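Two complexes come next, and they have one chain in common, chain A, joined by chain B in the first and chain C in the second.
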Partner chain A sequence: MNASQTDLAIAVRGVTKKYGDFTAVDNLSFEVRRGEIFAMLGPNGAGKTTTIRMILDILKPDAGHIEVLGGPITEATKARIGYLPEERGLYHNVRVLDMLVYLGQLKGLSGAEARARALSLLEHVGLAENARSKVKELSKGMQQKVQVIATILHRPDLIIIDEPFSGLDPVNTEMVKDLLYEMNREGVTIIMSTHQMHQIEEMANRLLMINRGHAVLYGDVHEVRQRFAKNAVIVEGEGDWAALPGVVVVEAGENGRDVLLRLAEDVTPDNVMAALATSPAYRIQRFELAVPSLNEIFIEVVGGVRANGSFGG
Partner chain B sequence: MLSRKVWLVTRREYVYNFRRPSFLFTAFGVPLITLLAMVVVVWITAERETSLDNFQRVGYIDRAMIINPAVANPAGYFPISDPTVPMPVETSRGKLIGEYFDGLEEFARQQLQNGELDAYFVIPQNYLFSGRIDVYMRRNMPEALRSGIENFMRAQIASRAPDTLPVPVKRLGALEFVIRDEETGEELSEAAILGRFILPFLLVMIYFMSTSTTAQFLMSGVVEEKENRLMEILATSARPAELLWGKLLGLGALSLTQVLLWAAAALVIRQIYQDARAFFSGVEFDPTHLLLIGVLFLINFVLFAATMLGIGAAVTAEAESRQIAGFFTFLSVLPIMFVGTFFNNPDGALPVFFSFFPLTAAVGLTLRLGLLGGVPAWQIALSLALQVVAVLAVMWLVVQVFRLGMLMYGKPLTPRTLWRALRQGSVTLTTAPADAPIAITGRRKGLFRR
Partner chain C sequence: MKHWIVVFRHEVRHMFVRKSYLFITFGIPILALLAFYGYRLYQHLSADEEDTATIAEVNEGSQAIGYVDLTPQGLFPAPESYPPVKCEPSAQELALLNFDETMDRTRSAVIKRISSPYCLRELFTHYDSEEEGKAALEAGDIDVLYVIEADFVESGEVSVYTRGLNLQAADTGQLMEDYLIRSLLVSVDAPDYESLYLRLRTPAVVVDHRLNETGAVEESREDQEFLLVYAFGLLLMFSVFWGGGYVMTSAVAEKESRIVEVMLTTVRPTALLLGKVLAAGLLALLQVVTLTGTLLFIGSQLGDVFEALGDIEVNLRALITLAVYFLLGFLFFGGLMAAIGAMSTSLREAQNFVTIVTLPAAIPFFFLTIFTEEPNGTLAVVLSLIPLTAPLAMVMRQAVVTVPTFQLVLGIVLQVLAVAGAVWLAGRMFRVNMLLMGHMPKLRDIPRLIRG
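Now for the complex of A and B:
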């Protein structure tokens, strides 16, 4: 699991942050590798934003140690980071281009560089004509794209983006997603914090799930899903599912078409597939392993934690 | 040396706020309106000054005894003569002659008051040396009367010079008129007198207008950045102190721009409007005092602006910030509210107190310097020391408030929170999310978001 120090974009080691008597982050450790898309997820109040703020040196941890892009964070490191907070905003009364140039310059770009790059990115996302409009004249979706541009304008090595797709329609979601993929292909590490599990499933290489300040899931997205896979299959078709050898429980799916077949401990999905293939009593339209979605894992993990209270703050 | 980021923030704040309609109106509109008003006043005055209807009977008293009876008086001009006062003979002693003219002046004064005279002028005994004429009237002196008296005097001098009177050539040029109080005889330049009282007050008002505009921008700018959540992005781009100084310098420069624009307008007005010259000459600050006033206003601006910045960083909504700012503005305008005490006794307890209290010291000292012409050095030194200490303390506190409050959305920074953080010594951009402890109790779950 551990990568060498030079391969790490972020190393968080035993970090704790308290607000008075409340422990927002409790002895949290994780790593983000260079060039990966890393997802942070967790319920509201889990400690995601506090963790991000500590990574960005907006907040100081009470205990523990954080390294960003190869060392403790400095002003120079900050210039290599693009950050888009969840509750984001813009100067409303300012022209789009002027604002982007200002924010770009604060990140170390020259005026001309910031201007050229902002115009190119605005054109890329279809906002070239709005460069001289005031921000308040833009629609919410357009503003969202401008915010994403402000985050990536200075070609950061690390992008930390909170809920990148909130407020975007499907077309713009794809556009922003492509932009992030493009940055990632160029070697930029991306950390995204989101509630949209399907986006994590699609985009992220690895994930960290936090609940009440603790890491409750951490690792490769695919591995995590496999870890939560039940010994069950989902089928759609016709036949007496309960009569199949090895099936112990049959649960009707919520959509009324598919069913979940829970299998006996010594039976594998392959056994069931072989049985179905050889029996003329069944017609199969769909057969797949019952790997839970991240959403289900999230609900299971967070719900379980809440139920047994094992992760009290 | 200014760091690049401080310069960037300074420039951004300056340019952005310069373009605000409210700034453009205050900076350009106010001087423009004043100029227009002056032009109208000059025009009305010029209209009025061509008329001599109100000056049909103008008397004169010749204390210098240079009037040549052979020269005909212009229409409406006549020497004052009191039939009850006997004219002294030529050999009379100086004292007797003086008493005679005093009697004539008293007589003329009564006639002026009774309305039998519209104006009278006295040619003083030392006229040949001073070239001054004392004019007494109950109205403003019209330009036509001025030139009428000048023509009268030129005709008189020309009739005698150069044979019998050693009149310098320059006497044939413009005369110097001294308008005197009809009761006390004191020299009276209305505009100058007005300037003497109004100028320090005006200076202070201009300062207030410019600082209150810019301090308001400063505060609303921070509140906007907090409300728009831009602060978090800015916090990852620049240090809080860089943002703070950038904002202070940018808006300080804006304030200075405003004052310079008004000063330029004042110079223009001074050029085109004669009375304005007298008005501005009413107060003569020496260069040391001007420098002192500059320093005082600079310190006061930093103090006031930093306070506003702190308020902006501590609150969550603009309306709230205005309420708190109102309290500090109220404190700083106290000298204006009690300006009467300055006019009554500039060395009184209240004016002296205002000279020491840091928020009011600049205004208090300026008013007293203008009215007294000087303030004890120890008071100036103590006042400056108190202000510098206050600026250092407030700046330190504001940096803490700025760091602590800049990320607190939806929850104002209370003095209690600030005090606790300062005592713990943990003000390193550390702030509890608005509702962390509340989430534990579960009472206001909706607020628990991060």
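Now for the complex of A and C:
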């Protein structure tokens, strides 16, 4: 374990959860550091939701133990967590403001405090005029924003959001993203579970990829991508790429402009760059390491598991 | 602030403003009062004067009754053959008639006067022969024909003839008896007339007396006791089932709105449930108070209809038992209803399972007579100790007898344990129900789900 106990928002140690004969989570261990944005990803049925529910004490693990915000989860700890599950829900027949005040009070805010904070956040996301509307009168996107407000209303120390951007248009996605960044800048730890890999690449500091209840990838997002980087470079320009020393395969890019140059084992990208710089036969517009996207890594890791055996939840 | 208090306040505010709740709680009483006073006003406008005296009411009967007197003595001559008298009592006389504390010479004279057979001349028609009477019946001149047989003095036999279905003929038997009494008493002197006439009209007022365990005699008040048992039972059942219904609806709403997962990461299921159950209990109680209050108020305004209830005594112990069992019953059934709500995917589905709880709970009603006659019998005692039937059974017993303290304490202890079990069960169901989004658990899976 890299971080000391006080630096950890969550510590999951050897946790297992079974439903009858089916093992949803199998001896899983990971940590979430305070103040980071941590991503959980994995195919449907991998065990992400079960893990989150165990962290939140909705489900009890069959083995292992979990610490949240410095100790076993208690009622006091729960008041410091904001949770937005994948199965989104709101009371449909209640006015937006009344519902937010109710949820805020349950999280320990006074009535006046909850009201003031709810109105301020509704104003922030452009829903001030809908404060007195019933929830069922709002559009899906509006309801999604109200749900996000309900999650952060009580200024939690830890936010856990399952698919934070589902159902949001690009404008509202940016708005919610900004809200989460703002909370994170204030020191709030954010755990998000999502399938939107580009959002993880953009937002997350570290990630955990779960498959069939096991951790298959875990660490810093940049490091994980580097770990999957092939010994290859992507270039865009003119010249006879196959004639370059150390290049063993040349693959044309999908956009028709760039090419992927796979290198011999004893050749580094630096060697190729040096060769290109000294040769007048080449004109270079772009040169970059061929680091795979998280999407490609996801497909590679999960696809590999599927290819090696039956794929369960 | 404690979570259950926040939930309680939210639920009260939210449920109170629902249109259906407001309509039942306040709308129905207002409509009932409007209908009552509207009817009163109509009666007031349509009636020239109020006449509450029974004799005067009989004198103004609307039926047409024919009779034939075959007695050799001619005991029942035609009503118009009697000396004419003023049949309608004056306002002063009417007040005298309604005052029934003591026998009074003047009143006796008034009663003799207005109960003269002469005053029934509009109602009764005398026919000289049976053939003549039957012809009048066939012609539709009269609704019913009575033939006073020749041996009436010895046998008391009177034959009655009707033609087809005639509603006017249905209730003429008592009028005929009254006419016979009036005719037979015509020669009785005024001072004795009142007691004799009224006694013959109501020959006996039966008062039951029952020997208790110590051999002492206590007055039996079976009618009132039956009514009391019934009223207490209804009060409890209505409030418990209405309130339970609200709890169930609220529990289903948590699931239908899919907010339950967020709620469970915020508040303990038992606190959530307690807040909901108490809120529903308070609102159901308010509903019972407004509805029964309206009913009692209208009843008190009707006076004579509720006269029989006048001397009902409700002892303090019964009221305390009602309050305790109301609370315990509410928590128990509320917990069970919430568990049903938590297991169901929709309100419609939940309603299908409600009878699992309501039917056993209403069992004491099926044995109402036993509770009235043998409130300390084996069946009543057993039912008042089983938590599912106890709230109703114990309250019904306590309404009519003093339940032995040991049984009362044992019943309450068992009920408290059952409440704890029901609330725990509902809490477990709340917790596991999110694993069952979209489908009901199979019966065989429930124990495993409860264990978590």
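Going forward, the second predicted complex is superposed on the first by the 307 of 313 C-alpha atoms of A that agree within 3 Å, B and C clash if a C-alpha of one lies under 4 Å from a C-alpha of the other, contacts with A are read in each partner's own complex, and residues count from 1 in each chain.
Operating definition for what follows: a residue touches a chain if its C-beta (ideal position, glycine included) is under 8 Å from a C-beta of that chain, and two chains touch if they have at least 3 such contacts.
It should be emphasised that the depicted structure is a prediction, and the values quoted were computed from it without experimental measurement.
Steric overlap between chain B and chain C is present once the structures are superposed on chain A.
By the touch criterion defined above, A:Lys78 reaches both chain B and chain C. Using the contact criterion defined above for the overlaid structures, shared-chain residue A:Lys48 touches chain B, although it does not reach chain C. By the touch criterion stated above, A:Ile58 is placed in contact with chain B and with chain C alike. In the superposition on chain A, contact is made by A:Asp21 with chain B only, not with chain C. Once both structures are laid onto chain A, the chain B stretch out of 279-287, 333-341 or 441-449 that overlaps chain C is 279-287. Comparing which residues of chain A touch chain B with which touch chain C, the overlap comprises 56-60, 75, 78-79, 81, 83-85, 87-94, 102-103, 105-107, 150. Considering their complex, residues 5, 8-9, 12, 16, 224, 227-230, 232-239, 407, 409, 426, 428-433, 436-437, 439-440, 448-450 of chain B touch chain A.
Residue ranges of chain A in contact with chain B, taken from their complex: 19-22, 24, 44-50, 53, 56-60, 75, 78-79, 81, 83-94, 102-103, 105-107, 150, 313. The residues of chain A lying in touch with chain C in their complex are 56-60, 75, 78-79, 81, 83-85, 87-94, 98, 102-103, 105-107, 150.
In the complex of the two chains, the chain C residues touching chain A come out as 1, 3, 6-7, 10, 13-14, 253, 257-268, 431, 434, 437, 452.
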